[in-house]
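See the structures that follow.
One chain, subunit A, links the two complexes that follow: it is found with subunit B in the first and with subunit C in the second.
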Partner chain A sequence: MTHTRQDTFDVAVIGAGMAGMAAALFAAERGLSCIQIGNGGGILFASGLLDLMSIHPLAERRKWGFPFDALAALALEQPQHPLARIDATSVRTAFNAFVAALGKAGLPYAPLGKANSDVLTSIGTIKPTYGVPRSMIAGVKALAQRPPCLFVDFHGLREFSARQIVSTLGDSWPAARFQRLQFPGTEAVPELYAAHLARALENVETRARTIDLVKPLLGDAQAIGFPALLGLEHSVEVHAAFEAGLGLPVFEIPTMPTSVPGLRLLMALEAAVATRGVSRRHHSTVDSIVFDDETATIGLIDSPGGERVVARTVVLATGRFMGRGLVADRGHVSESIIGLPVHQPTSRNEWHQRDFLDPTGHAINRAGLLIDDSWRPLDAAGNPAWPHLFAVGSILAHQDWMRSKCGSGLAIATAWAAVRQITRQLYGDCDKAGEP
Partner chain B sequence: MANPSRIETQVLIIGGGVTGTALVRDLALRGVDCILVEKDDINAGASGRNHGLLHSGARYVAGDQEAAVECRVEGEILKRLASQTIQDTGGFFVAVEGDDERYIADFPSHCKRSGILVHRVDVAAARELEPALSPHTIAVFEVPDASIDPFRLSLESMAQARTLGARLMRRSRVIGFQREGRRIRAVQVRSMQLGEDVWIEAAQVVNAAGAWAREVALLAGASINMTYSKGTLLVTHGRLAQRVVNRLRPPGNADIMMPGGTVSIVGTTSTRVDSLDNIYPTTAEADLIVDEASRMLPALQTMRFIRAYSGVRPLVGSTGVADGRTASRGFALFDHDVDGIDNLATITGGKLTTCRLMAERAADLVCRRLGVAAPCLTAITQLPVAPECKWTEPGHAPREWMRTGQAETLLCECEMVSASAVDTIYAALVAAGDTPTLTDIGMRSRVGKGACQGAFCAVRAVAHLYQRGDFQAQRGLDEIIDFFAERWKGQHSVLWGEQLAQAELMEALHCGLFGEELRGDDMHGLCPPALNGKVSP
Partner chain C sequence: MTPALFRIALYGSLAICLLGLLWRVSTWFHLRVGPDACNVTVFQRLITAVRGAVSVTFSRGLVHVLRAFFVDVVFQNRLFAREKLRWLGHQLILTGFTGLVLVHALASVLAGKLSPGYQPTLDPYMFLRNLAGVMVFVGIAMVFAGRRRQQTGFPQSRRPIDAIFVALLGTILVSGFLLEAHKIASPRAFYRMTDQFIGTTDPEELKPLRALWASEFGVAFDDMGDGIEPAVIAEGRELHGDACASCHAKPTSAFISYTAAKVLAPLSGALDEARADTWLLYLHLFACFIGLALLPFSRFFHAVADPVSLLVNGAAREREFSSAGRASRRALALDACVHCGLCDSSCSVGPLARHLGNPALLPSHKIVATGAHARRRLLSHGIGPDALLVSEGAFQCTDCGRCTTRCPVGLDLADLWEAGRGDLAIAGLPAPSQWVQARSAFAWAESLDSRSTPDAPSAPLASDRRTFSHCVQCQTCTNVCPVVAHSIDTEHGVDLTPQKVMNLLRLGMLDLTLGSRMVWDCATCYQCQENCPEGVRVTDVMCELRGLAYHRLGSVRNPGGPS
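What follows is the complex of A and B.
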């Protein structure tokens, strides 16, 4: 890796949520030297499902079976939407690269096709999504065909009731059954946490005892659903052992955050960026950024010696309010690090609808940074704020990822497109790695 | 109507707020058979949407001495007989620079005139006791204000009435009156849950419907001159003061901050409204409260607020008053003789602090008409503690959790509500012939009232109720959606800062992951994508 100047990175990514991780990953894969600042706490809130686009337009609640068709419609009807700025081939390439990196890091996903999949959630609703962890894919098939199926849960796991899922599905899945079990060794414990059980199942003996508890209950079941807790780092091994031990397809059901699939995703992405040589400052926050003609100098706090990081480009992937990329007082939404102008409704009275589930969504969720065609956030005059500053992910304006079900797609595709732009800007038309 | 069932009773009470429940208890203690019908739930109106302030009376000393004395006397009775519902925090009256010097100077003598204990507190000493007070504080007086839990008060009044034979019909709306000359022969009541009607034949009918009293009276053919004043309050995340803090000035906007367990409650506003529909806190009201109350308590400018709520005060016998604040806060008892009805009375208006007295006056009228000689007992009888009613108190659940050695499953981690608390509440409602909802449980406990506003605990509570077999089919999803619709009314006006991030998390979970906003579309008629209609070329 050749740095243009000693200690000057090609890219500094600020933020370690899905978009920041994707940006760091793609930058490293293109051979750019990269430093990433911020902790990955936000990913803990992920479900493990990688949404691309299912609902558009929101007001019609129109649901799309094929996300790329939805994106094509979006491009025509909402050209300001960040995902409308990226061609389908790039989106596909970005997703494939992201999922391939997760697979290499021990978190395999089902092959990405053309269609969205319907996934059963822990409260019995059905969520359309695009990228499905391999540990959940048998559930997609079971949901489509509704064969005799056993849903299992455990005493003390408060937010998950197999009985609730079966009862909610009701007549639409008459051959579904439920069973609540005592997880081995937890007899006197009133509250259990999925992450602890996931870790416990990595112990071969505990795993065998759990499988032995389920075996006599199989009956005519053709598939078995569990809350998403079948292993943590070694989830592939744990899932395979359950399928082998029970002799049936086994699937996980995504649960309320912070969830085991979120934890796995965080661990896999941290491993993926680490193995690609990304420098990380997990515990640091950005205090200041000073831009000059060539570089940006980023002051860090909570970093030994009040470190300064120098980089030729900066990717802002700080997220929205949960991620602290945007902050709001009673009258105004601001960007938290640089003070970039935020596109927003004129007054707080317009931020939210009176009905929480209003199908058009809340106006505040479409507030965010405006960008040019090169993913550079705009200043108050409508020009790029800095030539070497880029913004990706949910901080961007004109999107509502929660309602469109496009959160991961927004993160992955915008990160990919911005990193491509950065590579071009720094090294000309070709990737630094020599790819076209 | 095909054979609607008929029920007989001596007295039908319409409205399950603090007045209606105090009245049903009063009459039950006198041996009178009663039915209370409530269109929604206990304290669903202004009774559950106020400060929870047990007035010492000091607030009224300058403008309304009679009200001040009433408050003092009634406050003392409730402190003695319903102490489980009261935190005797004491109260400060605080003036800041710019407040009316004359009002400040007259305050102690006005208090003494009404028999209210008052003493001046040195400003520096007061600021040591309550560090949140403004550095611009110029005068502080201490009075015996206290905090009262109106939910527990009403629930326990109803619970005692029930043990004496009174009946409660929740979610039952009065839709018509059958007259016979100068008498109401029967009242038509519709169950909102079942859609079925019953006719209740009562010798006497009392309209205690609060802000809805005018509508009920009109239905019976009587009229009441009533106006509506909307008041909004904000709930902080964290408690800012130990005592009740009142602004020492004539009653105005945002001049009271109440302690409420782990939070503080600040308000109110007063806006004349013409309709009882679509009452929710607005962003303008929230801003007004923060700006005005922060003159007394500057930390409110940077405080995180977790929710807001609005109630409508029924103001009787006032016309042409601009903002409703100067209209009478006293109560009114109408016997409706002039309307040509001999067995209807309306009791409305008034204050939380004087609800017992209002009930006594109404019960006296009813008993006189019935020829019942038994005297009122509520001024000398303890309000019994009912085990299923204790969970409304902030801080009770955490204490219980510490006491039980933490061997309990907690469904709500913000307010530490255990599964067994939910079970107790559920069982009590079922025992009374009710079908409890998640919203009912929220009203009777702290579920949904902490920082997460139910985002997590509602999911856990529903999972728990399904697991017990209490919820079936799609009901839990319906309940979650109803619960959030209700909570949201109180949230959208205070979403800035930290709480905006909290709301985003709630939406990420309930819309982003669970897709609750898509419910009702094709959640279950799903087909494989190839058959999904929007087919790929």
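What follows is the complex of A and C.
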């Protein structure tokens, strides 16, 4: 049985990673009717920290305290980089809109300024990032001032070690100490998982018992670091309860992916697009796309009964290899849905550097789709493949987001720019919602 | 038939019927279904029933019982709400049969006493008798037609005695109609009556009466000749008025028998020769007596058990039963089941029953097995293939409760299934999840080492490496798993997390997963599969592993059993 939807959507977003979610969110906020296809599981690998840009150029491993300065330098030196195509004001607007939507969905972030913040990782190293969840912001301050601080972890929680953090910090933070606690009710469980503890802490009684376990250990501590598991759906409430119960600033430290902050981010983004009226097909995969002059018809599989979605524009946010937007065989990288040409090294020999840890990264990691100034992927002749097909996020060529630490920035800013372009194309210079 | 023989047959069959009823009713108080039924004595169950009956009779509960009587028992409201055609058929049988029993069979004690002028050959009795007979016939046909319509893919659970009983019912109806038809057409019966009431059997002398009875009462004289003058008939009518009319209406109102009499007319002489009236009467009466004697032992005992069950439901309403009350109610349910099969056609696992080829999954078959086990017949020769099929049926039930909702006699089937599973577990046939978890996953894997089970079902997902090729061991499945979250210790909690099960499969160590508690405790909530960023069908794999384990570990546990 094939069911054909009669509605024609303004936008069909293919992909539900960070870029797909951002595109769906921005499209809905601009009043476009939007359908999103794809599984959001990729976001589970996120740390909750929203990187904009902190390392450029890669060869020098130069760290930037001010991401917009880094972007300005990038625009001069690598004009083909997708982030070099967007002006700073737009990037800032996109980030603010994204973070505001997360805040409304129960996942507040610290106000965005001009500078990157240094955040402790789960192994005690320091990572600069731009958007910091409010539950982690006390850690940024503590890391800057290094007062007496208590780091807590739990027996059986293998993904997080407070001892390792303190040991890595060593002399750089002499007043840091750690304590390993028995999480209430888990005495006989050999292995614990952060997501389950996060859910357990949403129970008021378990939360109170945990706070009571920490209280006698405070000593001279002026801040307390926990693995990021202080609540899941109600993390604001749980975090506030810990700060109130302990009478000190409490901060979370991101755990190894897949982590609780990743799960929170996924839940918040799903809620954000759902409340803005985005139709979702998150169990479906795209089988085919047929373009005609005005619309694209997208065939879905794994959708109950099969379905075809008709949309006036398509945003390809299928990601790179992990998201399977790009697939590689022994010698060639191809785009998985439409078969668009992929910018890539001419032969496999050039995919990788000799040194695996080469700071400049590998050519294969800069493979992807080439686009025009309107975010439309190009065909083999260098022209836009279709006037109503757009591409955003990590599938774009000429960027190595992992090494530049610009993953969220790439996703959010390119989605914002492409959706602005789509709105102009469909409804003229103004937003459909009437905003300039 | 001599009065003595009649009495012996009547009282004999009545005695068997009553003793049978007593025995069947006694099983309501001594058959044990469910582990909790073993904790109460027969005496406690009797006392509970009597006390319950008394307390309801003298309380406002009586209103509900009366309501249940009229709405559920008399009107058959539950059946009416579910199957209109079968309800109509059932009501036709019930009304027709009751009519026949009251007006016809018990004529000498009821109609004869209540209405002084009663004669079976007068109207409306003649008409009503035919009407009631037709109602029963049509009703049976409708009930059978209703049954044919709902095919479950399996023959319905039936016992030989039920077929015999239906045959007896048919015999009673057919022989009754034939007997009446024959008596209408029989010249011999005519002369017996004239001998008794006019005092002559001389054909010439009775010519006017014969003329009238031949033309208007259907008697098939073979020596009447043609062309009877109206004057002769008028003369016969006068004689008829004096001697016959007070007892005989025109038999045309016996619309079935009269039609049959016309068909049989050419044979009436031969039938008279063969003394058909005598043996048809014997056939009719003996079929009645045998039917009466068999009633308590056949499915038609539901005519007694159902009203009791419905009245008990009416009395109990939403109240909780004590364990003594529950025990009796379950035993009563075994008798009250009509085996109508409505439950089967709504059973959630019906498709699974067809897939497995095991009718023991279906409620109407399960209730027979539950009764057999309660009567110690299921495992009388130990755990055989049949018992394993019954156990499979019992534990595949999802407790969705649709059978209970749908049952036209309001049986609490869900309670019966739970009790039955308890009994099976005690008898050495626990749920697969229980017997699998009695050993560790390692112990099972070791016992599987030396065994090959060629007839085990294929595991297309678990044996295809593409199923796991995208797994990055990211732990999302474990993070979202409620079973892992509620695991309180290693003794009773999960041994392997979903992610570890997937990893073992990736490593080709499938045997080690089969007895794992994760596989068997999986709630099939599909959280893992829904959240897997790589689209691995984690839950589907778990289900497949369970199916495989049920067969492979089952062949270790019950060598030679069906697998």
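We take it that the second predicted complex is superposed on the first by the 430 of 436 C-alpha atoms of A that agree within 3 Å, B and C clash if a C-alpha of one lies under 4 Å from a C-alpha of the other, contacts with A are read in each partner's own complex, and residues count from 1 in each chain.
We adopt the following convention: contacts are C-beta pairs under 8 Å (C-beta built on N, C-alpha and C of every residue); 3 or more make two chains touch, one makes a residue touch a chain.
Because the structure is a prediction, the values reported are computed rather than measured.
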First (subunit B), second (subunit C), both or neither: which does A:Leu44 touch? second
Between subunit B and subunit C, more residues of subunit A are touched by B
With both complexes overlaid on chain A, does A:Ala380 touch subunit B (first), subunit C (second), both or neither? neither
Which partner does A:Asp118 contact after superposing on A: first (subunit B), second (subunit C), both, neither? first
Regarding the shared-chain residue A:Leu76, is it in contact with subunit B (first), subunit C (second), both, or neither? neither
By the touch definition at the top of the document, which applies to A:Pro190: first (subunit B), second (subunit C), both, or neither? both
Which superposed partner A:Arg199 touches (first subunit B, second subunit C, both, neither): second
Just checking: does A:His283 make contact with subunit B only, subunit C only, both, or neither of them? Give me first, second, both or neither. second
After the superposition on A, what does A:Pro257 contact: first (subunit B), second (subunit C), both or neither? both
For subunit A, which residues lie in the overlap of the subunit B contacts and the subunit C contacts? 45, 159, 190-191, 257
Per the touch rule above, subunit A residues touching subunit C in the complex are 39, 41-42, 44-45, 159, 185, 188-191, 193-196, 199-200, 257-258, 263, 283, 285
Subunit A-facing residues of subunit B, complex: 280, 282-284, 286-287, 290, 407-411, 456, 459-460, 462-464, 466-467, 469, 471-474, 476-477, 480-481, 484-485, 487-489, 492, 495-497, 500-501, 503-505, 507-509, 511-519, 521-524, 526-530, 532-536
Contact residues on subunit C for subunit A in the complex? 474-476, 478-480, 484-485, 487-491, 493, 497, 530-535
Spell out the part of subunit A that touches subunit B in their complex, as residue ranges. 45, 47, 49, 55, 61-66, 68-70, 114-118, 121, 123-128, 143-144, 156, 158-161, 163-164, 167-170, 172, 180, 190-191, 254, 256-257, 320-322, 324, 327-330, 347-349, 351-359, 362, 364-365, 401-403, 405, 407
